[in-house]
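Lettered A, B, C, D and E in written order, each chain numbered from 1.
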Amino acid sequence: MPLISSFLILIMLIAALAALFFDNLLNSIIAAGLVSLIASVLFYFLKAPDVAMTEAAIGAGLTTAIFVLALYKTERGKSE
Amino acid sequence: MLTNYIFIPIAAAFIAYILNKRNRKAGAVITALVSAYLLLSLTALYGRWDITQSFNLSLMGYKIDFLLAVNPLSWLFAVMTAAISILIALFSINSQENFKFSSVFNLNFLIIIGSMIGIVFARDFLTLFIFWELMTWTSFYLISAGKKKMAGRAAYRYIILSAGAAYAFLMAAIFIFQQTGSFAFDSAAEFLVANSPAQSIMLLLVISLPFIVKAGIFPLHIWVKDAHGNAPKEFSPFLSGMMLKIGIYGMIVVFYQLSFFKIIENTIAYRGLPLLSYLFALLGAVTIITGTILAIRQEDMKKLVAYSSISQMGYIIIGIAIATPLGFSGSMLHLMNHLIFKSTIFLALAAVIYRTGTTKMYEMGGLIFRMPLTFAAYLTAIIALAGIPPTNGFISKWVIYQALIEKGYLFLAIAAFFGSIASFMYVFKPLSTVFLGQLKPQHQNIKEVPLLMKIPMLILILVIVLFGVFPGIQMNIINQISGYLGIETVNYTLYSIQGANGAWNSLLIFNIFSAGFIIALLLFSFAKKSKLVGLLDTYSSGEYITDAESYHYAYQYYRPFDRLFDNLAAKSLTDFYETLTKNLVRSGEGLRRALAAGKLQNYALYSVLLFVILAAVGWII
Amino acid sequence: MVNLTLIIAIPLLMSFTMPIFKMLNQKLPKVIALLTTAFNLLVLTANFSQIMDSAIIIELGGWQAPLAINLYVGPLALLAAFLINGSAFILSIYNLTQDYKFDDKFYLLFLMITAGASGMVMTGDLFNLFVFIEITSIAAYSLTAFAGRDSYEASFKYLVIGGIGSVFMLLGIGFTYSAVGSLNLAEIAASAGLINPLLLQITALLFLIGVGIEAELFPLNFWVPDLYTEAPTAVSGIMSGAVSAAGIYALARIFFTLFPAQSFLNYLLYLGAITLILGELIAYQQKNIKRMLAYSSLAQMGLIVAVISLGTEGAVRAGLFQLVNHSILKILLFISAGVLISAAGSKNIDDLAGLGSKKKTAAFGFTIAAMGILGVPFLNGFISKFMIISSSLNADQFLLTVLILLAAVIEIAYYLKVVQKLYFEDLKIEVKKTAVITIPVVLLTLMIFGLGIYPQLIADPLEKAAAELINNGSYIMTVLGGM
Amino acid sequence: MLNFLEEWSFFGGSILLILIGLYGVITRKNMIKILISLALMDTGVNLMLVALGYVKAANAPILNSVVQTNTAAFVDPIPQALVLTSIVIGTAVLGLGLALVIKIYDKFSTLDISKIRGLKW
Amino acid sequence: MKFRNFLALIIVAVFAFIIFQAFTIVPAAGEITINKFGQADLSNRTASRYINKNVNSDSKKVIYKESSNLESGSANIVTSVVANYRSFDTLGEITVLFLAAAGIAIVLNLEKSEKSRFAAKEASLILNTGIKIIFPLLLLAGAYIFIHGHLSPGGGFQGGAVIATAFLLKMLADYKFEIKEKSITLVESAAGIVFVGLGLYGLITRGSFLENFLATGTVGELFSGGTIAVIYTAIAFKVGAELTNIVKSLIEA
């Protein structure tokens, strides 16, 4: 269990750094979504199923959706 | 009881405000009635120096007691306040017809009277501070009710200076409260005497700060010119007559009741006088000189008289500072006389302003024909100011000169002489420009001021001459004060005061003067009728002047004299204070820009920075 | 004895049903808001005497005190709750004359910001304090946006700083929980002595930043000027009157009850002093009246924090009294300024010239409140300024006293500039019609004069509140004693 | 090496995540990226909280047919309850932040925070 | 701006280093510090009382499907903490979401912006039909999650989120799908009133706010949660309605 979680944490950190340094906003939003997805798996490893479900449903699902919607309401809407 | 002398005027203030809303004269009438009541009841109080009143209050865990008591010094000041306020109230009944802020004026004026009596009767720092703040605030509103823009700025500077000084006073008072457990003057005096001299002197200097500001002594006198110059015309006499005196009252309290002199007795002396009191006397002298020089330069007559008040205050400070019996009684005499003749001058000027509407001297001239009584009042007042025998001004200056000569302080004496001689110069300026010379066309139909404004001026003229002839009336209250404060008394009779070398008999002088006056009058009436020489009936070398006004030059009357002091006056203290406030503003602006505020990212950075710095601080310690 | 949770439950119920009230009748939300705040005040008065003898512990959900969430309402909390609900009551009277777009949402948020602040003050649980801080902040973010235009930017800045603050606070809560094992304030306070000093320092700093944002301390209060300027008047009023008071309560609770250490109090002292001087200096040269008031309340909060962190009983009493006075005075200032601004049509001070004659009540309210803050005798400001100076001299903080006095003089400078413009300069702009605010102004003026002339009214609760704050032993005993 | 990884990966990971989020808020110009960093910080803290409550070789705090009695070792349920609340609060705040960003974009038509200086301090 | 980023990096790094220090403290005798990873000893934490469910009563052993009418009947201990022991937090949390939804509605609708909006066009056929199938399933899954909140992992929040995702997909799929604002606010208010009403009822009958007044049955049964089931249903509807409201406002901004 420890090996997988450390590996997942590593990916999560890389995804987080990517989220900051991507200049295309959509990619960074997706990277952020990935971070919270990995987080929900990590919560599963930490024996916290409730939190894992919440993080997956709200963190990964809705937050990313809201970010994308906001993006299309501001910058991306212009370029279409 | 003592408190009703304080709270009746304050209560009447609100009634006056409401009534004045309906009928414009009601406020002034009520002020007159209240001050009349005060005058009568206070004079009845004469001699009963044992009345005290105190009530204590446990406020939030602090046991505080408010003490009020009567003593000769405070009785004198209370009577003076009541007297001057009744005269001003009478005067302002008509003169405030078209004054926009007349109801605000009466509201604040009555509160000031009440708070002044409160200050004078207070026997502990807290009551003194409460009424002091009340007086400062209400006078702030009164001054800013004066001329449009300038009054606002003047009042603004006044309130900041006096508030700063008042807060310093509060800090020192609370410090003493913590050491002695009570605010009363006597327990503070004992503590200060017992305390280490350096700290006591420091404390007393901080406590005397608001009094120095209010008395307009040299370094902090910058607000006086603008405040008196721009205050409403009815309030200027009170402002320069009475308000400056409250500062002196405070100084006396500090010097004698808080035993400032006792403390500095053993400090290094300079020619027989403790250095500090000599410094104070020096400050008084410098105030005289600067006040006189700046007064001469003024074009606005109210500002001119305001500067003259500053310089006259210098005399009083010198008198008190040299702490000799003659000096003290001389300054008390001058205190009373200055109040009388300075308010006469201001009332006369107010009458002139009431009629002509302007305070600039060069816009007026020849009012002697239209307003003879005002001219007479003004004339007697400036004679008193200059210190010419039959009037009271001469007696008080004479006593102060005696005191100075007795102690042999040359520079102070010279400053005093310079002050009185030069005072004749700036006093004559309004006389000649406003009253003598040619009547301006637009002032042709000016009439004398209504009766109610004439009465105060008449009373004041009589009082000037009365005290001029019989100084004894004043001396008996002054001696009681000296006795109360522990200074030896000067012996006097009804009409003469015993100076250092030889007494002064004012009755004899008065008889000689009146005899001379009558002879001159007879000669003038029986002699050959002199031809009224028109101004144009002169021989000017070929250059014809068609209209009479051009002969009457009033602008920059003493130009040659002023030129001597141009550079001195230029760097006046006000610029120093202006630059002080300017870089205060710039520092605020600089800080803001330095923090690059406005950008969100910096806010975030600062919060993390705070954490790191405090952690580092915690780590090191 | 009415259960004190109603102070949070009833506003909650009302705000949930506010959309339905709106559907029933347009005017209803306004009236409901007023009635709820009035109801809160009644509940508080009902419990007043009982709390004065001993603090009340209310268990939520029926579980024993220290094990689940409980409300601890002592004299200090009661005083703060009175302040918060009192200001909300007066502001909802003021709101009767105002109308807002989406007014059902406005009143629902207004009720919730009051309930959030009351919750912050009454809760006895650390995470619950965090949740109430979040409720108050999110209500503040949304309420500011009611003013439209620039308020979005102000609200966004506050949101981001608030977000960072909540992260810091959550970290602090995590550390405290894992060290102490419980979230209840009393249990943490009981075993705070055992915590390793380095960990204690780090956790205390985390809380200092998390709660410091609410209590408007120096580097964390950059959001205050933008927010108070752009938000509608009622919101600036409730923020400066009630929410900052709750922020200071929370700060005091953490640094007096949880981690009582002199070094932290010194940090607060320095931060408070810097806030005071910086706030006054920058307020001095503001052109916009609401921004000036914002800096003034920022500086006053710094003063209160500095005085309370002196740690002596007299200082805490002085700080609390100044907090009460400041809230009353600041609400009156904001209400009057609101009317003056709507009359002049601009927030610039120069345009307010001469309004004294036209808008009598507003100008009068502004002057009385300005004089109250500046410490004119017979007004409430004077007594608290006196107590502050004597308590700071008592703790022989000589420099702090000089700083406080210097700040007071600067305050006089910029308040009087406005008062003079109002009364003694002539009108420049034509006056627009504005709301009538006589009732709130009269009410507040009565309070100012009442507390000024007879401060004994509030002396006893202040006494007990200061005593309760100083020794956290009594707090621990009452909560854990029940075990 | 393994137990070092096991011991520090969660705490170290969440602290680094908070660090990245904080760095993002302070340095990124784009408002949406600031909000993303805020979300990252929230996730980091939540991860830290739950990690603090983890007990090795204990099972999830749910009684079911497998784990019959409560005498078995459980992970600490309280941090999980706290994190449940804090995730939803984080999302709520982010939603409001994004709505504000949309409106600010309407007014300034740029997402770059440094260009938005409507309110000098 | 390179220097500023570098400075920020250093400061944040120092901050992280200090926080890391907190974990590496070696406690002296009698001192308590942060627990090592995996070694959280629950014995002296309040959590042990929640696990043994003996906050008020003193029952020791809880056996799945056997021990009955405990003080909080939920098998899922996290749910018992969220909905029973610390239900005041959850109430607070619900208000935060409620205020956020109200705030977002205000911010986006206060001033109608005239900029051209991204209008969702007709979605592709696959997406459309796919959604038609998934939508009811998602709703069912959501319902299952919050009904079995006290038995299996999950609960009001997760159920509400799933329902909200269902509506989100529906809205994205065909833009003609229109939820009336009035109905969402009604659901929201109704759920809120139920929750607070429950709390008040507990206050009236049992003397303290949000106290559980229903029987708790035997652990593991469907009806064993007491008020938890009702609370979680209310939360699910409220969270579902609010998140849909947020998404709706964002789509139609």
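What to note about this one:
Here, a contact is a pair of C-beta atoms (placed from the backbone, for glycine too) under 8 Å apart; a residue touches a chain by one contact, two chains touch by 3 or more.
Note that this is a predicted model, so its numbers are computed, not measured.
Least step count on the touch graph, chain B to chain E: 1. The minimum number of touch steps linking chain A to chain B comes to 2. Comparing chain C-alpha centroids with the centroid of the full set of protein C-alpha atoms picks out C as the closest. Measuring from the averaged C-alpha position of chain A to that of chain C gives a distance of 38 Å. Note: centroid distance chain C to chain E, computed from Cα atoms, is 30 Å. Computed from the mean C-alpha positions, the centre of chain A lies at a distance of 19 Å from the centre of chain E.
Between the Cα centres of chain B and chain D there is a gap of 70 Å. Among the residues of chain E, those in touch with two or more other chains are 8, 11-12, 15, 18-19, 34-35, 40, 45-47, 76, 78, 86, 89, 92-93, 96, 99-100, 103, 107, 111, 115, 153, 155, 157, 246, 250, 253. Within chain A, contacts with two or more other chains are made by residues 48-50, 54, 58, 62, 66, 69-70, 73. Contact of a single residue of chain C with at least two other chains is seen at positions 127, 131, 134, 138, 141-142, 145, 152, 155-157, 160, 164, 171, 178, 183, 202, 222, 282.
Applying the touch criterion to all chain pairs gives A-D, A-E, B-C, B-D, B-E, C-D, C-E, D-E. Touching chain C in their complex are the following residues of chain B: 59-62, 129-131, 133-134, 137, 140, 144-145, 148-149, 151-152, 155-156, 159-160, 163-164, 167-168, 170-171, 174-175, 177-178, 581, 584-585, 587-589, 591-592, 595, 597, 600, 602-604, 606-611, 614-615, 617-619, 621. Interface residues of chain B facing chain E in the complex, by the touch rule stated above, are 605, 608-609, 611-612, 615. Residues 2-3, 5-6, 9-10, 12-13, 16-17, 20-21, 23-24, 28, 30, 32-33, 35-37, 39-40, 43, 46-47, 50-51, 53-54, 58-62, 75, 80, 83-84, 87-88, 91, 94-95, 98-99, 101-102, 105, 111 of chain D are the ones touching chain A in the complex.
Considering their complex, residues 18, 21-22, 25, 31, 34-35, 38, 41-42, 44-46, 48-49, 52-53, 78-79, 82, 85-86, 89, 92-93, 96-97, 100-101, 103-104, 107, 116, 118-119, 121 of chain D touch chain C. Across the complex, chain B is touched by residues 22, 25-27, 34, 113-114, 117, 119-121 of chain D.
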